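Each chain gets a letter, A, B, C and D, in the order it is written, and its residues are counted from 1.
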């Protein structure tokens, strides 16, 4: 069946997501990498749903809802930051420092 | 009626009175607090006669507090705690009276804290429920933290925080040990209970975990005692604390450590506490405390620090007495606990009175005071002599019994400890000489006022006790003997044969 | 090798390749567009894995809504033009590669962790279920039955996100 | 037990105690009520002496062999320790009580005159009464701890009285030194008590001595340890080597104090203790030999130092140490009666010598005071020829000098000879005693020499005092000379107490003390010397004493002596003796200073402040702060860095799952 290959693809995509997050400085791109990771996980859910029941697909649904909410809020934050600092490059954003 | 409620009343009354003091006008605070503490003392005095020496744990009251967790409000008194209660109620009015001129700011808060502290101290000594004990232990910790930190000397914050963290560190370890112990006992009996009696009856053999539990209890109490090398908070706390704080700290708070040994650490884990290696280590630490505390006291320029280090030495005798585990040594240890409270308390009062007059605690700042303030000099001499254990004062009775008893178990250790008697003379007499004898070479000292009637009222009861206990300690000894006997018997199976006398 | 498998690997390759492009393109717009490709490929994989409804959602919500949102923001911030690269230096690449490698290695080891046989459904049971209850029904039934409360909470989450996004993005309230 | 005077035994110590309380109150609130103070102070002693005399008379009438024990209240009843506050009266206590109250009363009387102008008059009598109370507790106590109450109590009074003029630091220092050195000895006493209790299970004299033979194997380690530790206590209290150094310094106190405490009573407590514990010492030959040996050595050693002292009281102080050595030689030899005999006669003649020197000092002091001179009123180089101004004092002191030198028929001759004779007798059984005997004889020679030197320099030759002062020199008032006269009579006739059988005497004291020492006497080898040897020893002793006196008269030239401020420094052996063999300096260098250094630099500053408090306590605080600082360094505020950390964390978690 397709479970093994699907999991392999999922792992590859997830790793690429992580790689991207670590590699880039642009907040929006990092955000997109996070989406990529979410999708990789979705793939795992779907693949396993074939064997373990439809609940896996339901979780993908929930993940999408969360991702949508996250994207909305996250992008709003990025907008706010950009307005404030004039950049979305994380190197220049160290407001978190106490 | 009295028997049922006296202990609860002793805990509750000061706390209630503290509320009243807080609400009263500032200038009434000290008078109200004095009255309240005196009533507390009056309530506690009949205990002396109500208490039945052979009656074991008595005047008990046990009501569920948090029943789901097996926590009870359980109190009771035996020959060990009786004198600690009386010592507390006796010294609190005196310390409040002794603070009349010393404390000039935020009087309401100070006296209210003193009263809350009293509640906590009484609670520690009467609690027969491990949880209640722990709660009371922390209840007395917090007022003392503020007393040092708000009304203390130059370096008060450092001292207060050191005192707090040090003690709290130990008390947290103790909490962990208490919880573990209750859990282990519950595994055996199926019932969760913090009751002292229940734990004591069902503790059984704990195996290797007993070592860690004992270690936690020991550390908590050893810090409080304080035993070498956990003693360095004491000089700082004593030096910075106001007079009343120093008095209560030395006279009562330190005794909680040794009381904890007698009540919890040793009876719970006799196999560990009396294991030869552990025993040797603890006896060695107590000897180091005696000699080292004395020698370090000898070179202190600050009178309060000197007394603080002498406390380390005196409490070393107590620990030695407890671990020597003979009737004489254990009763001697109890006597030293009482005597140290009286003598060291009086010494702190006296130093505090000097400080009020000259704003210095340095021994070098004085000299020749016997000419200027003869009454003060006479009292200081008597109290110092009691502290160095001159026969026919209280100090001798305790130390003599400890050493006599300890010599049966540990001849060499007792012989080493006896040198502490020499060291005691070496640290207190030079200090005494430099304060009240020698030429009157500092002009500021030439016009000091002698003891006022109020100060005499503080000191004379203490001096009376010094002589009374020194000459006729039998009423004390009789009341504590059965309890000391039971303490020894409860741990004896684990003790080496030599201790069984 | 069956057609299914060939199609699977074709889309899988596409997804991985475009994901690689997504994380390496300098321009955010390019990245976003490559991500869209990945998402589409994944939708195709979902179809192959008997999750047609999810695949549709993927195209509508992800590739449609979310990515458009991304692009809007990029445009809004005027980040489309070529700027200095935001890829980290050699050290950053090294750290990223190391951590990614470790992750991949861990996942490789984890591949053997299979769900126990006892709870596994027989093969193609998903397809059967969809036949019995319809593509949407197979998902809708548990969603409005077992997972009703999480579903409702999701609506709350979306509402909160909506409000939050408005509050954050507005210049001045 | 029916006798009424004995029933009132408690009055003997209680009267001085009451005197202390009353005088103490007066000292604090009415320091100028001198008449009341004198009445109370002296009255308490006189009454106590009367009570003691009555008790002794009653006791003698009873012909009681066993000691009478009076229990008053339970002191420390703990388990098998039954310790009562109890007094015991037997032949030995009787002798001591009489000496203490009798000589004490005389010295109190003397003090009325001597201290009359002192501002601390009331305080002085309070202390002195307290001292007598404690001394009586010491000699009347029925158990080791009760005795210890007195033992430490007299040390306390000694401390208070040595430092009586506390505004001079040297006086306060001397008091402190006395107390601390005594405490060293006391710790030995304490440990001995613990050993005794461990072995016999009792601390009362009766049971301890009754069980001693059964419990302690003769010459065993335990009993030797007990006796040596007890003797350590005695060495502290009675100023024997190595703990004698406090006694010369103790001369800083008022002179009557030196007479009472540091000559007649307190310092003899050690001798009393050994005599009291005669059973224990008899069981331990090694312990006894140590007592005798240290005694003999001290007698000789202190006598050498006395040869070169210029301070009149210091000569007497070293003489006291030396005579105490004799007493220990006596009791160590097993001649308890002889030791006690010497104790009694010494109390007479040494008290007389001290009081006499007090007279001299006061006379000079008054003179210097009148002329505003700052010369030392105690330095013999400033005296000379004083017999013309103080005839009574000079005569009486000559009696005492002859007595201490051992010229018959004065008291010292009999007591000293009894000790030397006993030592010689024992030497026939144990040869080491020949050495002790020889040291004793040598010390006797030196004693005669330095005492004659003292008398010559003080009372004879030219007057080295300045011209103006001479007009102010005069004899002391009768309150002071009266007691001197009584003591002079006692020094003259004290020998009658124990006239040896050799000379047809009844050896009264010897027989009187027999019940006390009976057990120990039986354990000793009985050695009889032939009459010829005894006569030879006697005449030898007289010869040695005469030689000493004669030698001093011939060798010393009071005429050539210069006053203290003109005197050249000592050289050679003289300097060594004058500096007291540098023992004080030695102790200071090897014990006092290293201990101070250890306590201050090592224990306090290094271990306490740096190691325990600095490194461990504050170190852990610093370490946690440093950890916090390190943690705060991680907070760069850069999201990228946080992401890396986050990923690392996730990987670690997953790694846990993988494993």
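Just so it is clear, a residue touches a chain if its C-beta (ideal position, glycine included) is under 8 Å from a C-beta of that chain, and two chains touch if they have at least 3 such contacts.
Because the structure is a prediction, the values reported are computed rather than measured.
Participant: Work out which chains are contact partners of both subunit B and subunit C.
Facilitator: D
Participant: Using direct touches as single steps, what is the fewest number of steps from subunit A over to subunit B?
Facilitator: 2
Participant: Please identify the chain lying most centrally, where each chain is represented by the average of its Cα atoms.
Facilitator: B
Participant: Tell me which has more C-beta contacts between its two chains, A-D or B-D.
Facilitator: Ranking A-D and B-D by C-beta contacts puts B-D first.
Participant: Report, in whole Å, the distance between the mean C-alpha point of subunit A and the mean C-alpha point of subunit D.
Facilitator: Using C-alpha averages as centres, the distance is 95 Å.
Participant: Centroid of subunit B to centroid of subunit D, CA atoms only: how many Å?
Facilitator: Comparing mean C-alpha positions, subunit D is 38 Å from subunit B.
Participant: Averaging only over C-alpha atoms, locate the centres of subunit C and subunit D and give their separation in whole Å.
Facilitator: One centre to the other, that is 101 Å.
Participant: Quick check: how many Å separate the C-alpha centres of subunit A and subunit C?
Facilitator: About 7 Å separates the centre of subunit A from that of subunit C.
Participant: Indicate the residues of subunit C shared as contacts by at least two other chains.
Facilitator: 88, 92, 95, 99, 103
Participant: Quick check on subunit A: which residues sit in contact with 2+ other chains?
Facilitator: 18, 22, 25
Participant: Among the residues of subunit B, which are close enough to touch at least two other chains?
Facilitator: none
Participant: Mind giving me all the chain pairs that touch?
Facilitator: Pairs of chains that touch one another: A-C, A-D, B-D, C-D.
Participant: Using the touch rule from the top, collect the residues of subunit B that touch subunit D in their complex.
Facilitator: Per the touch definition, subunit B meets subunit D at residues 162, 165-166, 228-229, 231-233, 292, 295-296, 298-300, 326-328, 331-332, 368, 370-371, 374-375, 378, 385, 390-392, 396-397, 400-401, 403-405, 407-408, 411, 414-415, 418-419, 421-422, 425-426, 429-430, 433, 436-440, 471-474, 477-478, 481, 485, 501.
Participant: In the complex of these two chains, what residues of subunit A are touching subunit C?
Facilitator: 1-2, 4-9, 11-20, 22-26, 28-29, 31-33, 35-36, 39, 42-43, 46-55, 57-58, 60-62, 64-73, 75-80, 82-83, 88-89
Participant: Can you list the subunit A residues touching subunit D in their complex?
Facilitator: These residues of subunit A touch subunit D: 18, 21-22, 25, 27, 30, 90-91, 93-98.
Participant: Once bound in the complex, which stretches of subunit D touch subunit C?
Facilitator: Those residues of subunit D that touch subunit C are 640, 644, 647-648, 651, 654-655, 657-658.
Participant: Using the touch definition up top, name the residues of subunit C that touch subunit D in the complex.
Facilitator: For this pair, the touching residues of subunit C are 88, 92, 95, 99, 102-103, 106, 109-110.
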